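These notes open a run of structures that come right after.
Two complexes come next, and they have one chain in common, chain A, joined by chain B in the first and chain C in the second.
Our next item is the complex of A and B:
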């Protein structure tokens, strides 16, 4: 319902005007052009750098994707959308995309669940929490290359920690070639990624949890909400802003996972762990087919865009803002 | 929060529009066409002068030798300044320089730059005329100082584009100390190898391991030599010449079946299919596997991490009884050097490489780096122990060949390597492997955008 059709008290109308003018700075700028110039001057350096180092290379990527180009000289042939037509019929591309989506869904959800659990531990009190806060970001401090090598040792079929544990427990899986078999390789790489990523997202969620007003939690408890019910009805709903940030950041990070896959499996065995960026690398640097590789990059960009938009749409608007507006109306 | 997100969202929607409009009016990356340009030739007699920039792949042999040679060359040629730089991923630096038209005067880009495509696009000089010029020490032509069988591996369509420096023999390795301790001997035939594998397993050691993450080690060091053993060099040439049906030939099927037999017999160290080259080679050196396929660079690559007492000796894959091939045949690979056509001082680059390939420098390289060189007579020195057998086999060989298809048709070879991994994981039979490899070759044959090569 349009808010203009509702009767508001003078105080509420003033509050609404204030909120509107805050939400739409363009109204103010019309009144004060000097202010716009002032803001533009401050924004200009960052915008210029962004345009030169982000937007322009992006435009070039779109441009190169329409050429047959080896990337070894400046000789190239304009082939229009041929690279994209070939991409549409390229089984290896769809196979890589399938792995990206699998990592997004399975490993993405795993990272979110583990991060939430760890985040709850991080905001608790006690000496062990201090220790946890100290170590939780350790994987983030390491280079991804080191993380990859570390997990390659863990998965080593001869002397790896994982097989040693399976062996000690007399469980099936002893002597398993985790990274060499197509049924386990992608999950093995995904778990290494989860180990690396959980600390960062746990910190974000911990910040979100700390931001939930104490009275909200107390009110929920007084109303008898406990355990998972309280988590889903109160905590999860109040993590709206952080959920959005985590979901978008995690989606893009998982989509751009390259180093781990490249070092741990090179996309193998038999493309069982190939993701868009490893396939892109192969076509660019092994096959000297930069035009086609750039088309893959464009596709990767499009996938990131689509996933981001879906997430933003799915998570929707701020429930607390909606609640404030509802209160004003009544 | 909400308004910021909306702003970000509208930017994301606007971005494609921002991208599409300039794209429609923009020009090609270089504005050129794919027509290959024929590179002009160098005489090879250009005097050494000015600044000479050399960029070299910093692999297992390092670049210290070239840097020292640069100092010596400067001392012998006044007014000349030679800089040698290198990196383990030097091709990543060279690629943008090639595109920008600012390459060095002499380069050894390593395995990461497709030098055949550089030749196709006229980015490197043909060197036939230079090879006809006098050698550094004046004894005959420069070309006559190279081993002919090695030199021809740098040719395409009868023209010399790249020059070899050191080269590698493909083959296999064992630890003579371990073999002597158990009384084992390297067998002459494949049947003998199967028997030996059973003996090794009985001693609690895995007979073989391989660099499973990079299946070309198995292809180039065992499968291709066995294809040559069974079907003769023609069978290998047919694969490289994309002859229809070559990957389904009886020779290929038998060679691949031999690998499958070893695999199903449990002769490979468990988990080898997931090992990197260093992991597999370490397993061999630690005595967890008795043999490993690898080129003659193995010693230099692993010398820093060799356990005390570990030894290694080179051997050719045991022959197939009744094969048509030459039992003395050896597959080799070269390390190519080249002169970019857009080099500022190409004559200087040639002059310095002539000096590097002089007999004295080549002999020094053999001693210091323990590898065979493409220069005739360079192994007439006190050879390091690991090089004695490769040198003997090389001189005894009547057939020297190279499996270059991996450089010519990388996408096809990746598919074949992937198929091999699946066969080793017992998801494909040898016949299915051959079908998949043939399909990959068929795709290359039918792709007009791929430049085809031919071996005579």
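Our next item is the complex of A and C:
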């Protein structure tokens, strides 16, 4: 992530400039020890809570990952990178990672496509759209627990909605145990995730779509670009900034999918839906192998970082910028 | 033709979002055997006993109270602590204030799973494991990133002149904050409060690890427990009622504040 964009938003920049002006409270603070006290006092509650419950455990996580530890304090042994070496030879770990990557690619692409379609619906005009903007985030507002259980019922072989639909249409697939079969379970969980997540990304894409200047669309239409052609040649290119945000956000969200898998399948049947975080949970709280579990968490985080960097590299440049530059020269 | 296609597309979209939820509501007022035998039928007669079963016999009433206590408790600590820190970070730049702001922001990047195991032991060590106050403090810690981020931005948009005028009128730093700036920041604090309340109400992972005993269950834990016990009892009606109990408060709050929530979610993601 770009350092400057995080540290200095425009609003902060003005704040910084303000800090240099003569009315700057900081300059006063040299004369006024009360002000330093004020600053310290007001920052303290948040900083202490944040340091104790977030920063300190975070530091410990990297430390723990280098220990063999079963939870009893006198039985921890520093083993350096051995946990990571063991991970590299752990079939269950690779199996879980494979499912994460499968979800990233298949479900990630599905979510992006659906979100783009829904985004077009969201920026359409008319009475049918008015309610859509409110309704679209309903799934996202529900607890993932509720989403998980609701979809378990939808997939239920006896009375689930899905089999009822198949039955009503007299299609094969009736009476199928979607979550119970290794070949359909992961996809079934992924589709529940898509139902949950699409609304949010659709809203982001909708914001991106309405940010495309009207002239760009008009020019494209004058040039005879319509429908899908216009979408791929014009719209898709102009969404670059939003694509970047969606891709990074979605990648990290999918990688951290836990509740859905944990509740819907617990990684089963026969590890067919195991993902890194369910495997981590099993290692930590079923096997009490806490050091190893933390190593999985660190590996999970490393995967997130690598994927994020790849995405930022791939969608890193503003394609319209280059074009403007050329136009200026000619 | 084109119009018909459009209408169909919109109808499909509405059905795929609302269909499963509607099914959940309808099933929650049907007796268990009817859910199994005729999933499509409308309830006849309305079977409200599911709700009293879920609420009383299955302990969701107790879990509901726990969830309220924990949400409210977390907000009572989070909002003042977050607002005070954000105010200082927004209006009293000092050496290192950018680093502190960056540290708060950085927290949004790390998934809680990274700290799951260390947190489990930390809470045991400081005797806050499996206590409401313990979960409240952890929730506050994990909500601070987003809260400080949004509120800092909010305080920066407030006109500087007001604070200066208050100072000239003889307010000191404390009075300026509590009497002038904080009331002005109410809309921002409201949004952050609603946003965090929804997130904490729905939270499952941290509660799962930190709150094992049944009497401490939050609503998501209570529902997960109900789901796993009903697999043997197969009283599906009560479980559907439980889902509705968990969802309705959130959807109501969301509907009231939906425009603000949309804006805040966008801001959070755009920081990304």
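As a convention for this text, the second predicted complex is superposed on the first by the 261 of 330 C-alpha atoms of A that agree within 3 Å, B and C clash if a C-alpha of one lies under 4 Å from a C-alpha of the other, contacts with A are read in each partner's own complex, and residues count from 1 in each chain.
Basically, a residue touches a chain if its C-beta (ideal position, glycine included) is under 8 Å from a C-beta of that chain, and two chains touch if they have at least 3 such contacts.
Computed from a predicted structure; not experimentally measured.
Engineer: Taking the superposition on A as described, I'd like to know which of chain B and chain C A:269 touches: first, second, both or neither.
Structural biologist: It touches chain B, and chain C stays clear.
Engineer: After the superposition on A, what does A:297 contact: first (chain B), second (chain C), both or neither?
Structural biologist: A:297 contacts chain C only, not chain B.
Engineer: Where does A:170 make contact in the superposed view: on chain B (first), on chain C (second), on both, or on neither?
Structural biologist: Neither chain B nor chain C is touched by A:170.
Engineer: May I ask you to decide whether A:285 touches chain B, chain C, both, or neither, giving the answer as first, second, both or neither?
Structural biologist: Both partners.
Engineer: Which partner chains sit in contact with A:77 here, chain B, chain C, both or neither? Use first/second/both/neither.
Structural biologist: first
Engineer: Who does A:58 touch here: chain B (first), chain C (second), both, or neither?
Structural biologist: So A:58 meets both chain B and chain C here.
Engineer: Please work out whether A:154 is in contact with chain B alone, chain C alone, both, or neither, and reply first, second, both or neither.
Structural biologist: In the superposition, A:154 touches chain C alone.
Engineer: Please indicate which partner A:135 is in contact with in the superposed arrangement: first for chain B, second for chain C, both, or neither.
Structural biologist: In the superposition, A:135 contacts chain C only.
Engineer: Is the number of chain A residues in contact higher for chain B or for chain C?
Structural biologist: Counting contacted residues of chain A, the larger count belongs to C.
Engineer: Once the complexes are superposed, what residues of chain A are shared between the chain B interface and the chain C interface?
Structural biologist: 23, 55, 58, 64, 71, 152, 158, 285
Engineer: Name, in rising order, each residue of chain A that touches chain B in their complex.
Structural biologist: 23, 55, 58-59, 62-64, 66-78, 152, 155-158, 175-182, 185, 241, 244, 265-266, 268-271, 282-283, 285-289, 305, 308-309, 312, 317-318, 321
Engineer: Residue numbers of chain C touching chain A in their complex, please.
Structural biologist: 6-7, 9-10, 13-14, 16-21, 23-24, 27, 35-37, 39-40, 77, 80-82, 84-85, 87-94, 98, 100-105, 107, 110-111, 113-122, 137-138, 140-142, 144-145, 148, 152-153, 156-157, 160, 164, 172-174, 177, 198, 201-205, 209, 219-220, 223-224, 227, 236, 239-240, 243, 246-247, 250-251, 254-255, 258, 261-262, 265-266, 269-272
Engineer: Flag every residue of chain B that touches chain A in the complex, lowest number first.
Structural biologist: Per the stated touch rule, the residues are 1-3, 5, 9, 12, 15, 18-20, 22-23, 26, 28-35, 95, 98-99, 101, 112-114, 117-118, 121-123, 212-214, 269-276, 279, 283, 288, 410-411, 414, 418-419, 421-422, 425, 427, 449.
Engineer: Which residues, counting only chain A, touch chain C once they are in their complex?
Structural biologist: Checking each residue of chain A against chain C gives 1, 6-7, 9, 11-12, 14-16, 18-19, 23, 25-26, 29, 34-36, 38-39, 42-43, 45-47, 49-50, 52-58, 60-61, 64, 71, 118, 121, 124, 128-129, 131-139, 141-146, 149-154, 158-161, 164, 195, 199-200, 203-204, 207, 245, 248-249, 252, 256, 258-259, 263, 277, 280-281, 284-285, 290, 293-294, 297-298, 300-301, 304.
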